[in-house]
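Below is one structure, written out as structure tokens; comments come after it.
By written order: A, B and C. Residues from 1 in each chain.
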Amino acid sequence: MSEFPVPAAARLPVRKTYKLYLGGGFPRSESGRSYPVTSAEGEPLAHAALASRKDARDAVVAARRAFAPWAARTAYNRGQILYRVAEMMEGRRAQFVQETIDAEGLDTARAEEVVSAAVDRWVYYAGWTDKVTQVLGGTNPVSGPYDNRSVPEPTGVVAVLAPPKSPLLGLVSVIAPVIATGNTAVVVASEPHPLPAVTLAEALATSDLPGGVVNILTGRLAELAPPLASHADVNALDLAGAGERAAELEEAAATTLTRVLRPRPSTDWAAAPGLSRITPFLETKTVWHPVGI
Amino acid sequence: MPDTAPAPGLPRATDNASLRAFLHGLPGVDEVGARARAAALATRSLKTTAKAYAIDLAIRMVDLTTLEGADTPGKVRALSAKARRPDPDDRGVPHVAAVCVYPDLVPVAVDALRGSPVAVASVATAFPAGRAPLEAKLADTRQAVADGADEIDMVIDRGAFLAGDYRKVHEEIVAVREACARPGGEPAHLKVILETGELAAYDNVRRASWLAMLAGADFIKTSTGKVNPAATLPVTLVMLEAVRDFRAATGRQVGVKPAGGIRTTKDALRHLVLVNETTGPDWLDPSWFRLGASSLLNDLLMQRTRLATGTYPGPDHYTLD
Amino acid sequence: MADTTFAYAPAPESRAVVSLRPAYGLFIDGAFTPPTERLITTVNPADEESLAEVSVADEGDVDRAVTAARRAFEQVWSPMPPAERGKYLFRISRIIQERARELAVLESLDNGKPIKESRDVDIPLAAAHFFYYAGWADKLAHAGFGAAPRPLGVAAQVIPWNFPLLMLAWKIAPALATGNTVVLKPAETTPLTALLFAEICQQAELPPGVVNIVTGAADTGRALIAHPGTDKVAFTGSTEVGREIARTVAGTRKKLTLELGGKGANIVYDDAPLDQAVEGIVNGIFFNQGHVCCAGSRLLVQESIAEEVLHRLKERVSRLRLGDPLDKNTDIGAINSAEQLARIRALAQTGRDEGSQDWAPDCELPAHGYWFAPTIFTGVTQAHRIAREEIFGPVLSVLTFRTPDEAVEKANNTPYGLSAGVWTEKGSRMLWTAGRLRAGVVWSNTFNKFDPTSPFGGYRESGYGREGGRHGLEAYLDV
């Protein structure tokens, strides 16, 4: 086992197995495959599960099953749960900092900033859950005796390709806005740096977040993204981490009219996001009703 | 009570609970939808020969009405003459359906219309408010029938209806219907005025229509003409739906009479279109549809002349009453 | 000669108000080109008579139109003070109102829809749409898209034949209000009101190039969608073409909105206001001959009242008057084209083949033109093609349900998600149902109502983006 250095301490530490997060559980890939993950400096860190197309399909099934009940939660309840995720991350702060150092090659102070920003992002979106409806919806003054309202609703299952170079803050920045409004997510984590995603999954699993609301796949973007993009039961696609594959994935998504959020050339994941990642995953429903006696 | 036993789905008893359960189980009426339907039908266009037929039909359906405190025998005699021959210059103009007067003037109308096919209708039951003891209402009715009225236009007790006392409304109609009996002859036809302008909602118009029909009304009539709004297209629509459904449920056909506020030929033709499209042609007959009006007749005559001659005559070419 | 029964004599609206040219050029840069060499004939679907010939724009023509639109965007329209832009739109709205009868007659001639619909729905709503968005032009900072939202540039717009002028208004009004310029392609079979609209632009003295109208068939549409010089694509039409457009636009900078097909469910609960529900069912599927993307083409009726509702419905449908679209008393006009008629016939045949029972009232179809009697299929299940595929014609499929859960499940059991109807007198059940329907527009105790202030658009394969209201601005802003 020359791949991993032997620890100096007398007691042998218990290492973590990095698995997928799927339907609330932590399975290995059904394919039984894994791939080695190295640090920014090229040091071996661990093996991550190498998810298969079948895992991706299973994740969509789990996300679909979770969608209706998650969307039906009150906005207040979703806000509470998102805030709870922030609390759980804070509790695992040291681990996130270390993984961020390993993955991004940052110094400790900078990694602390990244983790703080990631925690704060959950808090930010926890506050959005019960504001979105008023900000984006409203009453329409139609010319007739009708009550007419438009409300934003979650679009459904969102496939999220997380940004490869910002494996924690970028990851949180693409997941939180999707689920804040009641969508469920199938996330392809950063291919080179998947470990923070698995640790985030552990925080999610202990945050009262129902199983299946967030499903995290680790593995090859080239293998996982195309079946998700063309999957008929995926309602929207966040191409944040698609890189050069964005155009071909958008084309694949066209077949089932999947909503697509195109990648922006250079996204600063530390910047305040506003509603920019919330609105692309919302539908507007307009309801008419006569007014009379 | 109707002569026939209640059809399945009709209330088995006439206690308040049974009536209430039945009337509140009728399908609701969406106000906006009913208005929209009436407005859509109001855009129907009647031209040329169709219009000529419809105008004559409307004339035949008119209950030529005078219900003023200042009515005199002279006024009623003049009105009766007009009812028999609406246009003295044109014998092709049909007579109207009936003359409608207060009870004390029934003998005058009967006398003036003797030998003509024009019926005499009398309002009764302490018209228009209906606020009198039942005995007074019945006496009012009996007298009018005894004096020769062919038709009785009674008012329902709106106060009782709005208070939810459906039994009282029902009983009164039944009692008045009994008072319409004529020894050794046909009973007077009973038209029941719902006074829809006081019923507040179309749901209530439908319920009151059914209540009146269940109690034996031969006709249901919108209004006294003394309350605004009187006959409106959506109200007539809802009542037509009620008589249509009542016939489907019981086999008995009941007539409809919008009254008050119908002043122009256009108003009258719009009502006929409503009948045609709601109940169908079975009701397009003076036996089943009447227009309670006074000034309408002259407008119908003017439009009739215009259609025949192409020129629009002035109002002074027609007799005032 | 006097009639002996109550009837409606023919009441045709006069055609004299419309004057047609024998052949039309393209409207590019504020002027009509001479007619192109290739022409297509647009016919009156009610009698198959030729109305006029219109040009077929090729790639070169499309390029000239896009170039004109680009120049107008950069030099005139985008720099113009927003309030002035708005005043042009107000002016256009007013001219549409002034020429409403002419537009209505022309729309009915070219499309086959009853004059009462073009007169009372299409044209007034088109005018209202311009009036509504005119007012937005100088208030965009308050629309919730940032302090100074920018237009996209040149918009390529392709519209269908079912509501020709109204769909034009839905496309052009918000595009212009936000500072974009447009190249619009009307449908092959209904180009005439768009060409009259071009004249209205001239009459309004709209700067040249702000609105360009290129006529033609599918190839013209493809050329316009694929042209690299546009920044925005907006399409209303079939889901099939929508997919093709989404593929074409993939990987470009162009913003895309799609308003596509539907298979709307109209749910009637046992406590519905029945007479109004029957009207709503009729309006839901027979309005505009069922050529409506948001039509209530699937009636879901609670089993306990199914028989009664069907009885009432058939009585009501028997009173519909089919015939001359220009007759003011016509309820059902002509099918827009021979091609569409063939499609409706084929799908209706499928319904019969799959074991559903069809019913249509006794109604005489005119000898010439494209006609299809209003038809009701019963005994339909979710598995039947007529319950799944958009027919886009006057054909209603009737299904039943037992519980609200089942109603919602069946309503949502389609890849589409454009519209739905709910009929009940119980407010809480209405809200429960409306909340669960995966559809962009839910009409409760009404159907097929539209308003410029009210966002319209689909879930799922019915497209994306919204038209109408504040929401409709987003499609034309760089946000």
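Simple rule for what comes next: contacts are C-beta pairs under 8 Å (C-beta built on N, C-alpha and C of every residue); 3 or more make two chains touch, one makes a residue touch a chain.
Nothing here was measured: the structure is a model prediction, and the numbers come from that model.
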Where the centre of all protein Cα atoms falls, which chain's Cα centre is nearest to that point?
C
Looking at C-alpha means, what's the farthest chain from subunit B?
A
Most contacts overall join chains A-C
Distance-wise, how many Å sit between the C-alpha centres of subunit A and subunit C, to the nearest whole number?
38
What is the distance, in whole Å, between the centres of subunit B and subunit C, each centre taken as the mean of its C-alpha atoms?
44
So what's the Cα centroid distance for subunit A and subunit B, whole Å?
70
Identify all positions of subunit A at which a residue touches two or more other chains, and write them in rising order.
146, 290
Which residue numbers or ranges of subunit B touch two or more of the other chains?
30, 32-33
Among the residues of subunit C, which are close enough to touch at least two other chains?
445-446
Parts of subunit B lying in touch with subunit C, wherever the complex brings them together:
27-30, 32-34, 36-37, 43-54, 57, 238, 241, 272, 276-277, 280-281, 284
Applying the document's contact rule, which stretches of subunit C touch subunit A when the two form their complex?
128, 144, 239, 242-243, 246-247, 250-251, 258, 260, 415, 430, 434, 437, 439-446, 449, 451, 453-457, 459-464, 466, 469-471
Quick one: in the complex, what on subunit C touches subunit B?
1-11, 116, 120, 271-276, 279-280, 319, 328-329, 425, 445-446
Can you name the residues of subunit A that touch subunit B in the complex?
145-146, 290-293
Where on subunit A does subunit C make contact in their complex?
135-136, 138, 140-144, 146, 148, 150, 155-156, 232, 235, 246-248, 250-251, 253-257, 259-260, 283-290
